[in-house]
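First chain written, first letter: the chains are A, B, C and D, and each begins at residue 1.
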Amino acid sequence: MHHSNARVRHHVTPHPLVRVLAFVLFVTVAWSATAQAQADATTQPLAVVATTGMVADMVIEVGGPCVDVVALMGPGIDPHLYRASAGDVDRLGRADLIVYNGFNLEGQLGSVLDAVGRRTPTLALAEAIAATLVSEDQLLEGEDEFEGSTDPHLWGAVDLWGRGADVVAATIADLRPACADDVRTRASAYVAELAALHAWALASTASVPEAERVLITSHDAFAYFGAAYGFDVAGIEGISTESEASIADIRETADLVVEAGVRAIFIETTISPRTIEAVQAAVRDRGTEVAIGGALFGDAMGEAGTAEGTFVGMVRHNVVTVVTALGGQVAPWPDALSGWAEAWNLR
Amino acid sequence: MELLALFSDFTVRTVAIGAALVGAVAGVLGSFALLRQQILLGDTLSHAALPGICLGFLIAGSRRLEPILAGALVSGALAALLVLLLTRTTRIKTDAALGVSLSLFFAFGTVLLTYLQRHAGAAQAGLDAFLFGQAAALVPRDLVVLAVVGGASLLVVVLGWKELKVTTFDADFARSLGRPVVLIEFVLTVLIALAVVIGLQLVGVILMVALVIAPAAAARQWARRLEGMVVLAAVFGAASGVVGALVSASYRGLSTGPVIVLVASAFVVVSLLLAPERGVAWQLMHALAQRRSLRAHRVLVDLYRLAQDHDDLDYASEQGMLDAYFGGPTGHVLRRLERRGLVSRAQHMPEEGTHWILTGDGRRQARELLTPFGERDAAVDGATP
Amino acid sequence: MTGLQGWLDQPGVTIVLVGALVGVAASLLGAFLVLRRESMLSDAISHSVLIGIVLAYLLTGALDSPLHVVGAALAGLLTVWLTDVLVRSRRVKSDAAIGLVFPALFAVAVLLINVYARDVHLDTDAVLLGEIGFAWLDVVRVGPLEVARSLLTMLVITLVNLAFVVFLYKELKLATFDAMLATALGFRPGLVGYALLALVSVTAVGAFDAVGAILFVAFVIVPPTAAYLVTDRLWRMLVLGCLVAVGSSVGGYALALSFDVSIGGAMASTTGVFLLLALIVGKHGIVARALRRRTPGPPPSILRERETGGAP
Amino acid sequence: MAGRALGMGGGMEPAVIGARQADGTNGSHEPAFALHVEDLTATYSGDAVLWDVDLNVPPGVLAAIVGPNGAGKSTLLKCVIGAMRPAAGHVYVFGHPYRRQRHRVAYVPQRTSVDWDFPTTALDVVTMGLYGRLGWFRVPRRRETDEALQALALVGMDAYAERQISQLSGGQQQRVFLARALVQDADLYLMDEPFAGVDATTERAIVDLLKDLRARGKTVVAVHHDLQTVATYFDWLALLNVRLIAQGPVTEVYTPEHLRAAYGPRVVLLGVGGHAPQP
């Protein structure tokens, strides 16, 4: 499971003309092809299309060899603003299972996926996790006055996110009964890993002085993170990045930084750093300095093939960045995750 | 007062100054585009920036402002060239050429965006902000870029003022004077593209169109000379920027770009309504006065003709008959004419209704109305016994 | 029936069909817009319908209701009417009027979203950029078949547009070519024009899900323009425009697959390929024109003697 | 026929008064005027381009409306066909409002008012003249095409029937427009600058055509700008410069005084006043 990225499919791009001819062929023999595809469906690994990297990582960890996972929204892609390419559409069309985050994280694609289910089984992971919660209080609402908008950035709280493993396992087991035992074992192993990660994150963040526990980022992606690890969070933009930041947003954030004596603020990898830089400049004008503490992975994970391209590595990066910038001390890496660290040559 | 207090805030000041710079430059260059009836070129240039932004990013490999602006400028210039090529060498008309150029460049831009999304990894994040505007995120460094680029284009306008002016008013005449008209047109197009490109990150594509058009259109209503129009457009543009920034700063959640555009549009509406001679309000009053005097003149003439028909210049016409002759009620018109001493009431038997007689002044004026160019005096008088 | 359903279940088939229908519906009307020199109105309409959608949302609280189509169509007509008012005031030229109206309406729409729907998924991008790639995911049941919603919508819109162009062909032609004669003969060219632009608005709304505003503009303007360079007959221009649209849909999808890029963007870009082709081979294209300039034209025709009439 | 024409628009004659009281029919069955314009005032955003114009064109004449640029000549025709709403006044065609007489009127707009790049043929343009007869929704068929071809033959353009209209010369385009008017078989022909930008041969052909129309009892009202030819081409004349300066038979109206009243004192004219123009 530690070499999970290797399984993200690389598609070969043939000559355009070949593709044009192939397309014509594809249209003319369309329905016989469908019948063919259905015939050998049960023997192949389950073709899963996941929307975000976080969701894909979960499915890869739990599904193991039973699944063949493609993530649509790679590193640096803001899910709120994602645009599909033809290849993505093709992959969605061939998928046996579509796993997405839900709660409107994926913008247009999410609202479409909410409505479907006939053609392909779908799983809204964050929404499924929410359904397992005993208390509604653990869910965070959007700041909007409209009812029913839930903050979709659930993965910020590692313990919450870990609950998804069993949901994913159950879904895969439903579709591939032969894999049922395998995925359940993998799920419980992954849950244990995430529990260790959560404990490490708690220990690390606890070292941040009480006065420094303010996390300011480009947009409101860290509410669950803040609730789980004891930070007051503020984003310049709202939960969705679709509306542009206003002058008042910048000013209020700058005022907050000055009042709370915040020593570092953070950019996000999927969002232009300009708003954070504007806050920094405004703070400087108010007579104090605020550092830019580094780039956090808010809505997407890091580049494939790097440690930050996995969920564990992404959380590790975020915690280390926040804790270091805000004057805390990072806790020792847990033994339960030493295998992961070795795989990525991290010690 | 409260708005002024806002100005002391750093962010508000930065955005307001930036918006004022963009507004002023857009106003000046928009004036030329408006007069040359090339105003929608701004629309095309704004949309055509998208592939340039993507290519600038691809080539430079980073989100640095300069290469991206350069890319946007180049693709804008190419789009303008396409418009020129289509209109000059085929029978395609300007509007279609603009639309073709706009939509094709933008379509290619979206293709490039998805390509970058797949192939450029994390580095491409936030590229759309260049297109959809992020006024609030201006920092002093941006102001320097805006001031340098804007100042340079204004300098070009000032230095080439005479050439620009004569080309704008009459390109054929300019050509006959031996001016390099094609070069001047090219420079003007590049300047507009430049204004659009520096404004894009401030207000976004669609709203940049408004900033090119609105201040110029508002200024056009007031000014009689090109000089005045250009200066006024710059003032309107800058004022839209400042007021828009202040208003958007005073309410949370109001994006700056759209507010600036609405302020600029308000300048247009007010100018359309109030500007002397060109203003709608002025025109309405003028039209009303025209219609009123027209009615009065026609009643006078009708009275005069009825008198002539009866061979009696002091003939008293009954009001009901005048109504029929005129084709509508004439009472209020007659009363107004009476106040001006052009007609007077004749006392007849009460049950027959009011009768009206032309006074001496009234007769003179009616005769004048019937003989607008003098030559027919003799004819009319000759017919009068 | 299962055969047909099997076809419709193919994402590629649905996507290409939706693209082709958007293209046909748009270019049928676009031919007249191009000839009336009102191409840019399609750009204006496609932007300002956002305010119709926002207002419909604020009224109903639903992100997806039939009111959206009504609201958007009304917003499109509002744009046209406001532009008309500005032009008739004779204070601004028609191009400036277009450029004044739609950004203002768009700005109002964006601010309404800012203030009332900040965290709701009602984004400007969705309207401006659309996503044809997801069209096949959203299906509705029609009798025994399950058909993509936008396929159904676009089919209806295309049929309405086709009926409009076929039944009012003569009126549209006259009103476009010679509005003065149309008035003199008692046809109402103004009314015909408004009907045309109302249909453009409705088509724009239908096309948003599929290709987004800007790409819709490409389908309105580019195919008829390409056809305009090739033929000298209005009906051929309409047919050719439709063929270009269908070809762009098929070709664009193939190109999008081969380069793994945005489908809608590739379809719209492909219309440009056809325009390029028309510029090269069309009898009014650049090449033909350059050739004509080099070879001397035919001598001025000798007018035939009149056969009848005239005083003896 | 010229005897029916009025003097100089001063409006003293009983005939005019009679016309004002009724709808222009002058009481008799056959209307006195082919085109009767009454107190017509038209404005563009408040400024009058036509002021209180009374025009009375008797049937069966070739009438020219002449005046300097901006005199409101084209506006007058636009008001007649309802393309522009006048601020005041009425228009009667053969004694009735225009709307009820559409089938008796053919209108030839200025050649430059349409886009000749429009993808269509000469034959198709001529067929447009029959659209009014067809009404809404009905499409032209064989019969209409044949009529259009005949009309094209009348102006010597039948060989160009299938030509795209931009491939025609200016004169040929004007002939197509005339054919389109002819095919309507109207009683009143309104023409806006029929001689503008045409070659000498076409000009002569058009004149012959107009005279042929007159011989068949038709009435022609044409906006004309060439003072030198007006007296030879037309037999009835209205001088217009926002107001009506004079109207009546060419022989009476085409005088230096009237022309100076319309054009100002500096107008230079050849052969005016002395000799009577050929009808």
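Operating definition for what follows: a residue touches a chain if its C-beta (ideal position, glycine included) is under 8 Å from a C-beta of that chain, and two chains touch if they have at least 3 such contacts.
What you see is a predicted model; the values in this text were computed from it and never measured.
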{"item": "Leader among chain pairs (count of C-beta contacts)", "value": "B-C"}
{"item": "Most central chain, Cα average position", "value": "C"}
{"item": "Taking each chain's C-alpha mean as its centre, the one farthest from subunit A", "value": "D"}
{"item": "Separation of mean Cα positions, subunit D and subunit A [Å, integer]", "value": "77"}
{"item": "Averaged-CA centre spacing for the pair subunit C and subunit A, given as whole angstrom", "value": "39"}
{"item": "Averaged-CA centre spacing for the pair subunit C and subunit B, given as whole angstrom", "value": "27"}
{"item": "Centroid distance [mean C-alpha coordinates] between subunit D and subunit B, Å", "value": "37"}
{"item": "Per-residue overlap in subunit B, given as positions that touch at least 2 other chains", "value": "91, 110, 113-115, 118, 128, 132, 251, 253-255, 257, 283"}
{"item": "In subunit D, residues with contacts to at least two other chains", "value": "45"}
{"item": "For subunit A, residues contacting two or more additional chains", "value": "81, 83-85, 87, 243, 246"}
{"item": "Contact pairs between chains, per stated definition", "value": "A-B, A-C, B-C, B-D, C-D"}
{"item": "Of all residues in subunit C, those that touch subunit A in their complex", "value": "3, 6-7, 9-13, 15-16, 63, 110, 113-114, 117-121, 123-126, 129, 131, 133-134, 136-139, 146, 250-251, 253-263, 266"}
{"item": "Of subunit A, residues touching subunit C in the complex", "value": "11, 13-16, 18-20, 23, 26-27, 30-31, 34-35, 80-81, 83-90, 92-93, 104, 107-113, 115-116, 118-119, 142-144, 146, 149, 238-240, 242-243, 246"}
{"item": "Subunit B to subunit D touching residues, read off their complex", "value": "91, 283-284, 286-287, 290-291, 294-295, 297-298, 301, 305, 308-309, 325, 327, 370, 372-376, 379-380, 383"}
{"item": "In the complex, subunit A residues that touch subunit B", "value": "74-78, 81-85, 87, 243-252, 254, 269-275, 277-278, 281-282, 285-286, 300, 302-303"}
{"item": "Residues on subunit B engaged by subunit A in the complex (per definition of touch)", "value": "9-12, 14-15, 63, 110, 113-115, 117-118, 120-129, 132-140, 204, 245, 248-257"}
